[in-house]
Amino acid sequence: MGNVGATEVPVLLSPEGLRIDGRRLDELRPIRIEAGALHQADGSAFVEWGANKVMAAVYGPREVHPRHLQQNNKAVIQCKYNMAAFSVDERKRPGLDRRSQEISKVIAEAFESVVFAEEFPRTSIDIYIEVLQANAGTRCAGLVAASVALADAGIPMVDLLPAVAVGKIAGKIALDLKKEEDNFGEADLPMALVPQSGRLVLLQMEGHMTPDELAASLDLGVRGCREIYEKMKAALRERYAATVPSGGTP
Amino acid sequence: MSEEVTAEILMTHILDLAAEGKRMDGRGPDEYRAVSVEPGFVATADGSALARVGNTTVLAGIKLEPGKPFPDTPNAGVLTTNAELIPLSSPTFEPGPPQPGAIEVSRVVDRAIRAADTLDLTRLVVTPGEKTWVCYVDMHVLDHAGNLIDAASLAALTALSHATVPAKRFEVGDADYPLEVQHYPVECTFVRLGDTIVVDPTFEEEQAAQGRLTVATDENGRIVAMQKGLVGAFSPDDVKEVVRRALVHGDRLRAIAKGGPR
Amino acid sequence: MGNVGATEVPVLLSPEGLRIDGRRLDELRPIRIEAGALHQADGSAFVEWGANKVMAAVYGPREVHPRHLQQNNKAVIQCKYNMAAFSVDERKRPGLDRRSQEISKVIAEAFESVVFAEEFPRTSIDIYIEVLQANAGTRCAGLVAASVALADAGIPMVDLLPAVAVGKIAGKIALDLKKEEDNFGEADLPMALVPQSGRLVLLQMEGHMTPDELAASLDLGVRGCREIYEKMKAALRERYAATVPSGGTP
Amino acid sequence: MSEEVTAEILMTHILDLAAEGKRMDGRGPDEYRAVSVEPGFVATADGSALARVGNTTVLAGIKLEPGKPFPDTPNAGVLTTNAELIPLSSPTFEPGPPQPGAIEVSRVVDRAIRAADTLDLTRLVVTPGEKTWVCYVDMHVLDHAGNLIDAASLAALTALSHATVPAKRFEVGDADYPLEVQHYPVECTFVRLGDTIVVDPTFEEEQAAQGRLTVATDENGRIVAMQKGLVGAFSPDDVKEVVRRALVHGDRLRAIAKGGPR
Amino acid sequence: MSEEVTAEILMTHILDLAAEGKRMDGRGPDEYRAVSVEPGFVATADGSALARVGNTTVLAGIKLEPGKPFPDTPNAGVLTTNAELIPLSSPTFEPGPPQPGAIEVSRVVDRAIRAADTLDLTRLVVTPGEKTWVCYVDMHVLDHAGNLIDAASLAALTALSHATVPAKRFEVGDADYPLEVQHYPVECTFVRLGDTIVVDPTFEEEQAAQGRLTVATDENGRIVAMQKGLVGAFSPDDVKEVVRRALVHGDRLRAIAKGGPR
Amino acid sequence: MGNVGATEVPVLLSPEGLRIDGRRLDELRPIRIEAGALHQADGSAFVEWGANKVMAAVYGPREVHPRHLQQNNKAVIQCKYNMAAFSVDERKRPGLDRRSQEISKVIAEAFESVVFAEEFPRTSIDIYIEVLQANAGTRCAGLVAASVALADAGIPMVDLLPAVAVGKIAGKIALDLKKEEDNFGEADLPMALVPQSGRLVLLQMEGHMTPDELAASLDLGVRGCREIYEKMKAALRERYAATVPSGGTP
């Protein structure tokens, strides 16, 4: 979709209905989630998702910086999504660009919708997401990593936030686009789900879709989120198993 | 009474009204405020429009200049969209570098213009890989009474569809000619107030909102962009309902954007 | 005057002594002033002056931001003069440049000279001037708009501040230069007057003038300011007429 | 006693003295402090001068580099003037981006240099539209004891009039040659203290001032630039008086700027 | 107990231990933490390595792009080193422009790479004065448990020695080829705790330190860079001792950096 | 050393062992130190050292700005080292670059090592160093100037901080490199000494040295620092002589 004026368009869907990496339309890329990947952060997680590598860390509740953002009745939730200079094919200049600032904003708003911020007035909960290697879907990978990192930090939340992008390639709705699919596809629709309520706290879309395609995309995305949800819970169980002394009482 | 308490009471009042399907300014949940556009407001711009949605006012100005295509897209012109939430327009805006809110407005408007192929960017190229028109869309918020995205989108679309390519001034051609617009995407924004989803929120309704959802549609009934914003959530069914309503409002807004005198 | 090395110089004064737009040397361009043009601001005004379009808004007295500028014995008066990217022929990059910062400073100092700032200690009175379409004389148009906006906001002042630029074209002193006259003229002298005292609170000059020409320019400018003063008062009367219920007691 | 009270007392004292035509340092209202210039202070610059006005010290350095003319003035060289109010020079300056005060100093000095046609910019051009000398004037305030504009203007003019075009170093010509100065504009600054208008204010007089007025004149008795600054007002008659006095001081300051050894 | 008091007690404890030649994590004064490097960690980079020194983790990524040589060195390629102390890695880092600490890390690592002639910069040139490879070394600190300089230096050296010049992708040649590394400089850092000088300090030891000293050595036993940091002092004899110890550690660290699979 | 790819290399050492300016290997360039060179600063010094011209000023102890840097138990010591645009052959863009920020940091840390900062809790001691003309060794010249400026400001310190760079040219260890020696030499090693304790509080190095060469450099540098120390004390004596009324009691 960012490729007006580019020349070669790859075949995104085989006659058998398989995608360039052999996946079915409703199939996720492989995901590996490691809770507690860092030592300094209050909570952290590392996510490998297809060819994405994303690290998230959470600090807080802690003193608000800068001070004038402090709120008397709740914690402020701040998020910085950042891409490493070497995470993409063309080197990205270090520093926050407009895309990163927008993604940081919608991710912060997604977490504000589920964190019990009023339990920590006058504090800040700071979420840092670093994309180390990017291959489409980094904001969803970042959300998943950050959500596990928040849980790892013991921040009380309504629920974890699984996230995934649905897209349209060669006229078909497809789950979890990889880079070539995102570049040459017709639409991209990232979302984040609160599994408990079935509601979406992040939703963006760019491309071309009919209302029916959009409805089908939402349904496919929700199913994808529920699949990811299980992997997130498993990663946290593994983390707790590693930290609680075996055979001891809680 | 502290500012916080006043704000709290106002928000509760808005939510109570919404529960009965009412709004502070007397509108129904699916009623848009009065909308008008004034193309050609700024003579120094290559295209411009002042859009009003209720008391919200946004001025968009287009400037076209020769420049270089990006290395990876030698056959495409360059489109740059920028929104300025200047402190003149609201007591809540501060001077300084663009705030996340301004960046969101410009990116959401930009996304719809781009995804809808509003301009045929290949036609902006003068010499592939060498020289192209760079099209700047600058949106200046003058009065912020809620729903900036829709007002900015209307101003930008109207300005683009009344713009001229200054070929003669830059000695790229013999005469200036109209910038061609292929599609007409418009944004339509809703907020959730309890169980009620209202269209075209005022500033106060945005403060009280439990989620904002914007849907951009084109003249073929396609969805070209969406953006959920603010704290809050929408069910998939909410989204489907919002899309239906956005298509209806979109047609009316598009007619207003197109209707201005050329 | 910013045109060293440029080639074509237009004829600025006809044999009959008329200017390129048909004005006499001591004639102002048409001015339209609308007080209360905006809804969010505490006071506002829109000025069309020749081919200039300028909006001004005033907020305050309100909390000072940034805090360390707060003064214990009076209000601080802050001014931001800004030009929209599309307000000039060559697109201006958004953001404050040095010219805008200098103009903001001299305008703020002009208003500090007439506002009763000591009535509002520890507060800020913030003046925002946006040039939407520019054609020479924008700082004067901005001053006039800001002055009406301050009155619209109910800020107590010694007097309104009419402003106008005098210049020198084809060797003659002329009132209220338009763009071509400013570009190809020999001098530009913007000023702002306190009508009540007859004193100038803004005065700048660039170009070439003899002392006698300068003296004549000052006198012509003061007369121009007094003419604009009447239009400013009329705009405010109209605004009050619109807001006070007709036939009611104040 | 608080700092504010001390400052208040000092300001009242200055105004009381001025009412009798006196000043804290014993000068009369139209008496300038001792002035000196030292051209060639910095060997790495293409031209430089250290100017002292009383205890106020400003160092100006000139650098010339080949560059491109602006697209709209292909036949004119480029002149860039910059003032740095570094925190070394005064307890009132802070590190960071240029403050409005620094910008005002550089713009007022620049305005006089430009309006007086100090340099013949067309002679800086090497190839029209392609290559020109870019002349940087950097003014570094070292000690701020009041009246920065005049000191900066003196330093800049002296540095320019002793500068060399480094044609050989940049392989633009066979030999370096002197930069030609056509006119000699100097700024002269006054402040109003009650009904008295005094020339060349000290830092403390600037604090107490009810308006500052700077007039730049050239060697032909023309006014080339003016700037009213600070809070306060001047009547047209005040301005005319200041212009008369500025012409007299200007001649003396110009002689000092020109007098340095070449 | 306030944070300050806690910190004070911890620092005293560290100094008391050091006086007996002990450290909080059980190491001896000249004992380095476990070190590992993982080259090729990032597939999008032209070279990369994740280095761990104890719990300190730094990721270095190399990117090569065609660009212009600097005008004064037409026959040399361009090397740019940048360290990002992102707030993800430590509670003490804040978002925003690079802090002095980050700048110091990148400059000290850069100095060793440059002084050791790690790369033959002349071989990066494609056309003298016109076109050269620009080599970016970006170091991303992920976990800051002390001794960033050594970890960053190890990550950078390993990434460089496993990097590929993307000649084919940028159409500069027919095939990509390995970036050639001529020398292997590694940094080795010490802090003074009272009279004891310990190698490879933890974060807490850096807080308690009375001076930090880094020595970069190459595989020929030469010293190529040094940096004293933090508050504190070293006698010339201290420095000589530190150099001796740095040479020994350097050989071991170099073997680790070279040892990763290619 | 910053000259990879440059062409001409000058002869740095004559057959007689003399350097390009005729100095012996262990000889300093001429130094002139003027204490109290400025009027506004609390302390100041101007140093001409070879073809370097460096001004330093000290303000404080005074209020900390920005406030959040304030320390409860001691003064913060802040340093800004800056080069004037015209101080080098190729004009330097105004503003702090990375080199200046690193030098500011190591100089601040050097002074923190000798100033009795705990005598002035909650205050700031601000050191400003302006390089007006540069010819290698500016950080050492800045340190010497700042050290004299601190003494001139009456800030209590363990000792003055003489500083000098040692380098390696044509294979020999040499004291106090000038520009050509620095550009084409093999190593540069700036240091600052506390004469009282014989310890170094600043030490940097770049280039190629054997351990033996490094040891010799340290010894030569310490001797150079002690020589400079005498000149610093002389400058302060001259300053005090000028300010204390002659023949009066202290």
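Every chain is named by a letter (A, B, C, D, E and F) in the order it is written, and numbering of its residues begins at 1.
Here is the rule we use: a contact is a pair of C-beta atoms (placed from the backbone, for glycine too) under 8 Å apart; a residue touches a chain by one contact, two chains touch by 3 or more.
Predicted, not measured: the structure shown is a model, and the values here were computed from it.
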Neighbouring chains common to chain B and chain E, by label: A
Steps needed, at minimum, to go from chain D to chain F via contacts: 1
Longest centre-to-centre distance from chain A, chain (CA-based): D
Identity of the chain that, by mean CA position, is farthest from chain F: B
Between B-C and C-D, the pair joined by more C-beta contacts: C-D
Between chain F and chain A, distance of the C-alpha-averaged centres to the nearest whole Å: 51
Interchain centroid distance [CA atoms averaged], chain A/chain B, Å: 27
Of all residues in chain E, the ones touching two or more other chains: none
Of all residues in chain C, the ones touching two or more other chains: 90
Chain contact topology (line, ring, star, complete or other): ring
Ring order of chains, beginning at chain E and proceeding to chain F: E, F, D, C, B, A
Chain A contact footprint on chain B (complex, rising order): 4, 69, 72-76, 98, 100-101, 103-104, 106-107, 111, 114-115, 121-122, 125, 211, 213, 221-236, 238-240, 243-244, 247
Chain F residues within the chain E interface of the complex: 1, 3-7, 72-73, 90, 98-99, 101-102, 104-106, 109, 112-113, 187, 189, 194, 197-211, 214-215, 218-219, 222
Touching residues on chain E, where the partner in the complex is chain A: 41-46, 48, 55, 57, 59, 61-63, 65, 82, 84, 86-91, 94-95, 136, 138, 140, 142-145
Residues on chain A engaged by chain E in the complex (per definition of touch): 38-41, 51, 53, 55-57, 59, 62, 65, 80, 82, 84-91, 94, 126, 128-130, 132-135
